[in-house]
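Consider the two complexes below, in which chain A is the common component and chain B and chain C are the respective partners.
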Partner chain A sequence: MSDKFIVQIGEITKVNLSGKLDAIRAPLLMEELKSLIGQSVKRIVFYAQDLEYISSAGLRTIIFAKQKLGADTELYMIGAQDTVTDVIKMSGLDNFLYLQGSYEG
Partner chain B sequence: MIRVDTYPTHKYADFNLRTGKPIPFGATIVPGGINFSVYSRHAVSCELVLFNKHDREPFAVIPFPDEFRIGNVFTMIVFDLDYENIEYGFKMDGVFNFNDGHWFNREKILLDPYAKAIGGRDIWGEEPDWSNPYQYRGRIAFDDFDWGDDRPLELPMRDLIIYEMHVRGFTKHSSSGVKYPGTFAAIREKIPYIRDLGVNCVELMPIYEFDEFENSRISPVTKERLLNYWGYSTVGFFAPKAAYAATGTFGMQVDEFKALVKDLHKNGIEVILDVVFNHTAEGNENGPYISFRGIDNKTYYMLTPEGYYYNFSGCGNTLNCNNPVVRNMILDCLRCWAAEYHVDGFRFDLAAILGRNQDGSPMHNPPLLETLAFDPVLGKCKLIAEAWDAGGLYQVGAFPSWGRWAEWNGKYRDDLRKFLKGDEGFSGAVSQRLSGSPDIYNRHYRGTCASINFITCHDGFTLMDLVSYNGKHNEANGENNNDGGNDNHSWNCGFEGQTSDEGINFLRQKQIKNALSMLMLSQGVPMILSGDEFGNTQYGNNNAYCQDNEISWLDWNLLNRNYDMFNFFKKIIEFRKMHPCLKSSEENDYETHVDNGYPRISWHGTRAWDADFSGTSRLLAMLSCGNNTGSDGTTQYDFVYMAMNMHWEMHGFELPGLPEGYKWHVFANTDAPAPNDVWGAGKEVLLDNQSEFLVGARSVAVLVGKL
Partner chain C sequence: MKKTKIRAVLENLDEMIDFIIADLNSCVSDKKLVNLIRLSCEEVLVNIISYAYPDSEGDVEIIQEIPGDNGEIFIRFIDDGFPYNPLLNDEPDMDASIENRKIGGLGVYLYKTIMDSVIYERKEGKNILTFIKEIKKDEEGK
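Now for the complex of A and B:
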């Protein structure tokens, strides 16, 4: 597992999610995402193929990204496993996130 | 801002503690830790018991230091807990004295009455480990849901059309076609359907944590397990039932339910919760320790002078609702659902109990009901009472209300059912019911919106069964068909149960449309039972409280088969919305006549302006008058005439005269086979004969007078 979540910062920022995103690890992601505030990020792409599990705390970190980085910033989650997309959809926390199988660019 | 109270000051074993805040009660996330607070008047000491999720044994038992106690409240902050993965409970020490009403037992681990989320029974119907000493476990809930700009809809009461639903039964059947059957998430998938039907308010049967295994037994008839399916038995007042959530196993039921409310609101649909404050799942003297009994029995339960549990609920115990502390708990609970969950209103089960004193006697001015009527946070919430209890207190019409409470109008149900099945002499009673029951709810004091009109609800037959069975068939409940009401006022139309006889089936469908027409054209607030719109049946079971199977689950295959019936429901609901004269007047509007001289409501028979209210009458016609503003902005007078012929012979109804230019058009005629049974609102058909309308046997016709 890589130490950092964010692998590329820019107008399009890429973030790797793997393993578990729960109350233990979510604060670490939160800290990294905070560094993007004010950086004119247009889009954040979360690569989630290796994400096994996302908990309430993990979901809230993603929501935080949306709220703090502005209504104009788009959030994408790519390649998430069914268990993860199910949880996102069932809990209703999905209306600000584009869930896709793959991503070009 | 840096808070100076975010650092631990005490230590117990490996745990860092600090004195907590007594309010709010329960478990609250604070910077660095969790604030735990629990009230008990008679406990001597209290311990916090902590578990890792699902573990049988706790990993810590931390006594609440006595120096942290404020009054009768035990409180402390515990730092550095993994709040997503712990479960907590309390152990209370004190006296055990039956006569004095104290049941303290320091071996028992107790659920926090204020637990905002509860784990341990995450999957519906999964056989519990009965040896587990702590079954229902408090968990920490996030209260930071992103509501966006959602708020309670505050639809005027007069505009409400209520749809009573059981969360699990609504979508559990495979025919529902949803991804997560029987859950909150599944209801969201059905929102387009609910919108299409046209109702604007969903009343959910109990959604807080309850024990589906309470009184569970095997049916001697079907050999299937019977469960407490309806859920009228509270375990945790503040927590949505985990097993009703598709994300229940992940502990996200709070978010999932809030997402449901948000989505319903977005679609213009209010949410009313059925709340059960009359008893708990702890039963009588033989019942288990779940929460209140071990925390402060004497405070929470109505006890006889000898220490036994009063049983006005019929379920073993009675919550001591007018005890000031319990009153506050109820208030906190409702405020939580209203403020944190954006719920639009509440329907109170066996509400007459809420008006009983601590010794069980009925009160003239029950403090609890007054508190609820005037509470600021609940100020715009609908408050609906099932105004009776199981102890003989029947208060329909007399429920203490302060102008805020509405009631389930049991008289409406009974009078309409008798009229519908052709009993003679009910025209007079029905005229009262259709006009909002002013004989029960004084127009000037309570207003006709105090009347929740219904013909069916979860208690009793479905609408299809009301016209298919003369008697109840509850053998599957395993009580020798002794359970369930006997006064169903139902009529099977000629054959008991399902039949292929076309004539009988046509009559049944007609009777259903008759009932619905009368309901939707009544002043007051209509309520229908989910599934009635496509003829859902429970096969004659009128008390399906324990049937977790095809008996009680909605069969969506019927939607295709009975699409004509669904279409009728949809059209008549739309009709109600388009004709304000059918709804109760605005507040402070006591006009009895429209400015054209016509009375707002008038009664007729086969002769206009001459209703037959005699003891042999089986028919009645109602003329409702008002104004209507069309989509083009012009206003014209609005005349809605409903002829109800519950006799087995056809009758001609002389039509009341209309002002110059206005003509009668037919909107619905239940005697006509679909698709001629109902036209769209605005698409009514001009009648050739403007002076008389022939209404078929056991039929209802709805006419509109317009330019």
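Now for the complex of A and C:
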């Protein structure tokens, strides 16, 4: 669990999410996302196949990413389980976070 | 009915959640519903941990009753910290553009949406927040 969330930084930045993204772990992701401010990130791809659980603390990191990295940054979440997509949809985050089964690229 | 009292610090969040979830897993077969109840409880507990005791440390008491004949789950959170009624929060504007989405209020919105009833009381210097969730027949014993 000590692995970094961000596995690739660039115009397309890749983030691995696994286990629980709760009030304990979300701040660690937030710190990593803050390091992207000022870089030209066009797209963030969250790989969420192994993400079991997300709380509002986790959702806040996604809102943060969109607000601080620029309105043009696209956010994708790949392979998320129902337990995660339920909460994302309930929160209205699916308006700007593209939920996909798989991702080419 | 079972109850516990735990020091309200983030390090104890998992212990609090485990106390609640242990019995839910055996009586609610719908894993998505268990997940949503877990989420609701985390939101309350994190608020208590973060805000109830700004100048000192304190405890949170958790009382849980799982379905009797009426098929309702009942979870109560009690702290003796700063008076706070989360139900008086403004609801987040779910239609706001992302740039204007407020960061706060989302957790309260989620548990109000998930639970059938959320009741706040302030009694004898304590904040008492109660969740009630009906477990429908088709969610039992699948």
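To be clear about the criterion, the second predicted complex is superposed on the first by the 103 of 105 C-alpha atoms of A that agree within 3 Å, B and C clash if a C-alpha of one lies under 4 Å from a C-alpha of the other, contacts with A are read in each partner's own complex, and residues count from 1 in each chain.
What we mean here is this: a contact is a pair of C-beta atoms (placed from the backbone, for glycine too) under 8 Å apart; a residue touches a chain by one contact, two chains touch by 3 or more.
Not measured: the values here are computed from a predicted model.
After superposition onto chain A, partners chain B and chain C are found to clash with each other. Of the two partner chains placed by superposition, chain B and chain C are both touched by A:60. Once the two complexes are overlaid on the shared chain, A:24 sits against chain B and chain C alike.
In the superposed model, A:82 makes contact with chain C only, not with chain B.
Judged by the touch definition given at the top, the superposed model places A:38 against neither chain B nor chain C.
Once chain A of one complex is fitted onto chain A of the other, the partner contacts of A:101 are absent, as it touches neither chain B nor chain C. Look at A:71: by the touch rule set out above, it reaches chain C but stays clear of chain B. Set against each other, chain B and chain C touch different numbers of residues in chain A, with C touching more. Comparing 95-103, 113-121, 473-481 or 671-679 from chain B against chain C in the aligned model shows that the clashing stretch is 113-121. The residues of chain A shared by its contacts with chain B and with chain C are 22-24, 55-57, 59-60, 63, 67, 86-87, 90-92.
Chain A meets chain C in the complex at residues 22-24, 53, 55-57, 59-60, 63-64, 66-67, 71, 82-83, 86-87, 90-92, 95-96. On chain B, the positions that touch chain A within their shared complex are 82-85, 142, 144, 146, 180, 183, 185, 188, 245-247, 250-252, 255-256, 258-260, 262-263. On the side of chain C, the complex with chain A involves touching residues 10, 13-14, 31-32, 35-36, 38-39, 42-43, 46, 49, 94-95, 98-99, 101, 103, 106-107, 109-110, 113-114.
Put simply, chain A touches chain B in their complex at residues 22-24, 55-57, 59-60, 63, 67, 86-87, 89-93.
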